[in-house]
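By written order: A, B, C and D. Residues from 1 in each chain.
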Amino acid sequence: MSKAIDPAALRAQFPILNREVNGKPLVYLDHAASSQKPIAVIEAQREYLMHYHANVHRGVHALSQQATDAFENARTIVQRHIHAAESCEVIWTAGATDAINLVMQTWGRDQISRGDTILLTRMEHHANIVPWQMLADEVGASVDVVEVKDDGNLDDEQLRQKLALGPKLFAFTHVSNTLGTVNDAKELTRQAKAAGIAVLIDGCQAVPHMEVDVQDLDCDFYIFSGHKAYGPTGIGVLYGKRELLESMRPWRGGGEMIDVVSLEDGTTYAGLPHKFEAGTPHISGAIALGVALNWLNGIGAEAIMDHETTLAAHARNGLRSIEGIRFIGSSASAAGVVSFVVDGTHPYDIGTLLDSQGVAVRTGHHCTQPLMERYGISGTVRASFGAYNTLHEVDTFVAGTIRAVRMLRD
Amino acid sequence: MSKAIDPAALRAQFPILNREVNGKPLVYLDHAASSQKPIAVIEAQREYLMHYHANVHRGVHALSQQATDAFENARTIVQRHIHAAESCEVIWTAGATDAINLVMQTWGRDQISRGDTILLTRMEHHANIVPWQMLADEVGASVDVVEVKDDGNLDDEQLRQKLALGPKLFAFTHVSNTLGTVNDAKELTRQAKAAGIAVLIDGCQAVPHMEVDVQDLDCDFYIFSGHKAYGPTGIGVLYGKRELLESMRPWRGGGEMIDVVSLEDGTTYAGLPHKFEAGTPHISGAIALGVALNWLNGIGAEAIMDHETTLAAHARNGLRSIEGIRFIGSSASAAGVVSFVVDGTHPYDIGTLLDSQGVAVRTGHHCTQPLMERYGISGTVRASFGAYNTLHEVDTFVAGTIRAVRMLRD
Amino acid sequence: MIDLLQQRQLEVAKEFEFFEDWMERYEHIIELGKELAPIFEADKLDENLIRGCQSRVWLLAVKDDEGNVQFRADSDAIITKGLAALMVRVLNGLTPKEIAQANLWFIEKIGLDAHLSPTRANGLRSMVQQMKHYGIAFQAKV
Amino acid sequence: MIDLLQQRQLEVAKEFEFFEDWMERYEHIIELGKELAPIFEADKLDENLIRGCQSRVWLLAVKDDEGNVQFRADSDAIITKGLAALMVRVLNGLTPKEIAQANLWFIEKIGLDAHLSPTRANGLRSMVQQMKHYGIAFQAKV
């Protein structure tokens, strides 16, 4: 059993949570868009820039060595965190979006051709849709989706049918940023792999909330962003199976990713992971992401997930009294996300009125327009929780929403 | 006339300069690989993460608004700094390498085809070579270079001849990171544009050291990295002329860069600059880069350049007494970079011995292997200066080099 | 000559003076939104649409017999509609020139300037710009 | 039975004990590098090359009549060559098994462990690994 979270103690580590917004104490319920950062992460980045910044690799001087060691150590932290077999399977990217585009432009361009199908789900974030649409357009392939049922779960039956049609790739989100649905990533991967289909998992909303083991999942690619996992902005991760990464051509060209550059004899490339890391990397971001994942580990993924689902359940209970409320997504296995619309009100109005009470929620399509279409709406109000949120904050949010709806309807 | 720099006063703003390395005070002469950061930049990034971090754009809540305003304000700072006509001509990238690859993969893929030539110079950084080789390989185009003369200047006569052959693109560095050569970017651009050739300028080593005016240069693209210009890691800039950027297809797909995403009706893209900024950007990095450029401006580009060339001249004078020393690059218009080899010694040995005396220089090919080939060497020792370096540090470096050479030769 | 624009702005500023916090201000804005007559569905055309990131605003303008501009506006979000109502109330019936040159100080005065930031999701800034464009366009056509 | 490996490591450790700073240590390492007989140009083959990022190391190994391993090494950088000389001095003539299982504590003792970091540009770590690989390979062939 994991130790339960004490959010009060945790909160002391998040300086931003002390601030006021519109004269009210900030209640930050926009974790799914980006998490706040514990002081350890902020200080790690500052510490690096203050005391041992230098460009990594190839430097003979001590600073460069120290920076390189810290940078590569962070890679090892990521490897252990997601249980990758080797650290060279961890590629630093600028974020989740960048990581998916890397796979699309390298593996995708080589493996997907005219007539092929790329299978997605209706609940994907635009980051896991648009790159595949672009690729499909370019090579004459097509994009298909597994539909979502009313409750926000994938249509398993349809999934089986669509896998049987033999798509080249099945790319799906581990946890939905809009619905909170937690997909059974292991089972989905098993089905796809059994049919010889490559699997990419978008782990943006999973890594901050649960244990992830890429070897156990057996997926080909797994990607996530640092800034949603208590880490800094501008850094993300692509995990790929070694043989796969090795077989892929490089994407960005430049320093670091080369072996020998010659104008006359052509250029040869470096091995993993550097082959995919052209140019000076986001050194401070990688180091600070390592600290964030260690911090997450210290609390425990299970404890965080327990805490967040408790908060979400409490929020649903409170909101249920609102007449005309409709929850979007009500999967039994939902993570700490509550999305809803209220008859006769616009999400923007509710979001604005919550903001004026100090409560930060996200409103709109959450970069999942195809999912909005499915539910026949243009957007939702979404509250999403992190380790640092409290039941008291949920109460403030619920009371604020009730007040907002009353004002809008009266 | 610009005010002369007082490096002693400046140094107080760089915490890292107080540290010791191998028991000796750090003498950091590796500015061209990456600059150190003034405290204002480090604190701006920390301040952001401590007090107003949120995901940008689309958020109705106050934090998101504050973050977005700061992020977009940083774009305006960059615009003014490089004298771009409009802020939407400033695209955030993960760095210079990422920026060049963006141009290669969008503009390049559309404009360069079989039989076309891409003209570079022998002194380019791998970041401005490898992407073009990759593109050339892909489409059947070829890469040609303008050679460098013994003194490290471009061969003007050859340039004229090669421009007359009608390449599609001329991509060159504003300032050489290995030689220090400052190319007459305005004149080179003028010649190319007169022949209807597109121009991309790699400004990595120019922005930290001199005034840059992209409208005056009249180049099509101008790129640079934040971390070499007193800014943070993980952020860079692509400037492009508006019509050009507008005509280009997007590169990375994902959130932010879309207008409407539909699985059935296809996806439409956002306008500039967002079209090229898929995914959550490096918010803290952009904000801190804005602070770095303001800081640079406060000191004045001219004053920095004056200071650095004085240091470089002082270093050359001191080193000249070493028997068998050979300076690589001796252009009259050289920026604050001193590259050299010493007969009978390996750059790695000199670099290591300097490091043990606290002096950080870079050794090796500096990501310019084709240039090394040209001079028949495998690498150089390179000292590169920033606004914070002093004559006293140069003396320490010179004495340390003399001592190292003596040890290696005895 | 009474300066209608000044008079109306003073009036609005006064109206907002006594609100203690944003909730009260929004309460009033929502009120104004509800009072603003909706436009016809048939007028909700793309060409009349001002896209904010989240809420949509429709804005129509015609020149009346006296050469003054008559605005009509609507939005799918009630707060945005209330803001639109405020703008219409201040600018309606003025001459194209007055509109084109209007210095809308009341926006800052009543604390709505944050809503005018170019990065705001509500489109208020675009709406103000569009109203001024109408002013300029109608001036030109004289 | 004298443990040659231990004895040599103790010897090297003692030799380095009295150096005050890195410059003195490097002075000695450079000395060792100069004393190490260079390998034939003909042996500088790619197959014998261990690539560090900046300096190149060539390493050759043969089994002598007694079944012990004889190493030869060279480098284009003299400090790297000195490091190689140290390694050869400590491991030369040992049995394949001794080499394969060697615990090279002297490296940390004399402060060279920083040079062993996987990210170091000099290839020392690869050299140590390669020497052990030879040990393992020669063991297998017995």
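One rule holds in what follows: a residue touches a chain if its C-beta (ideal position, glycine included) is under 8 Å from a C-beta of that chain, and two chains touch if they have at least 3 such contacts.
Since this is a predicted model, take the numbers as computed values, not measurements.
Asks: Take the average of all CA coordinates in chain C, do the same for chain D, and state the distance between these two points in whole angstrom.
Replies: 80
Asks: How many angstrom lie between the CA centroids of chain A and chain D, rounded to a whole number?
Replies: Distance between chain centres: 46 Å.
Asks: Averaging over Cα atoms per chain, report the distance between chain B and chain D in Å.
Replies: Centres of chain B and chain D (C-alpha means) sit 39 Å apart.
Asks: Would you give the residues of chain B that are in contact with at least 2 other chains, written as numbers and ranges?
Replies: 22, 58-60, 348, 352, 363-364
Asks: Which chain C residues touch at least two other chains?
Replies: Only 53-54, 121-122 qualify.
Asks: Based on the touch definition given at the start, go ahead and assign the chain network to line, ring, star, complete or other.
Replies: other
Asks: All pairs of touching chains, please: list them by chain label.
Replies: So, checking each combination of chains, I get A-B, A-C, A-D, B-C, B-D as the touching pairs.
Asks: Which of the residues in chain B come into contact with chain C in the complex?
Replies: Interface residues on chain B, with respect to chain C: 56-60, 65, 68-69, 72.
Asks: With touch defined as at the start, can you tell me which chain C residues reach chain A in the complex?
Replies: 21-23, 26-27, 30, 53-55, 76-80, 121-122
Asks: Please give the residue numbers of chain D that touch chain A in the complex, ascending.
Replies: Result: residues 53-54, 114, 117-121 of chain D touch chain A.
Asks: Please name which positions on chain B make contact with chain A in the complex.
Replies: Touch list, chain B to chain A: 15-16, 19, 21-22, 26, 28, 30, 33-34, 36-37, 39, 41-43, 45-46, 49-55, 58-64, 94-98, 100-101, 104-105, 122, 125-127, 129-134, 143, 145, 225, 227, 232-235, 250-255, 257-258, 260-263, 266-267, 278-285, 348, 351-352, 354-355, 359-364, 367, 369-370, 373.
Asks: Name, in rising order, each residue of chain B that touches chain D in their complex.
Replies: By the definition above, chain B touches chain D via 22-23, 345-349, 352-353, 356-357, 363-364, 379, 403, 407-408.
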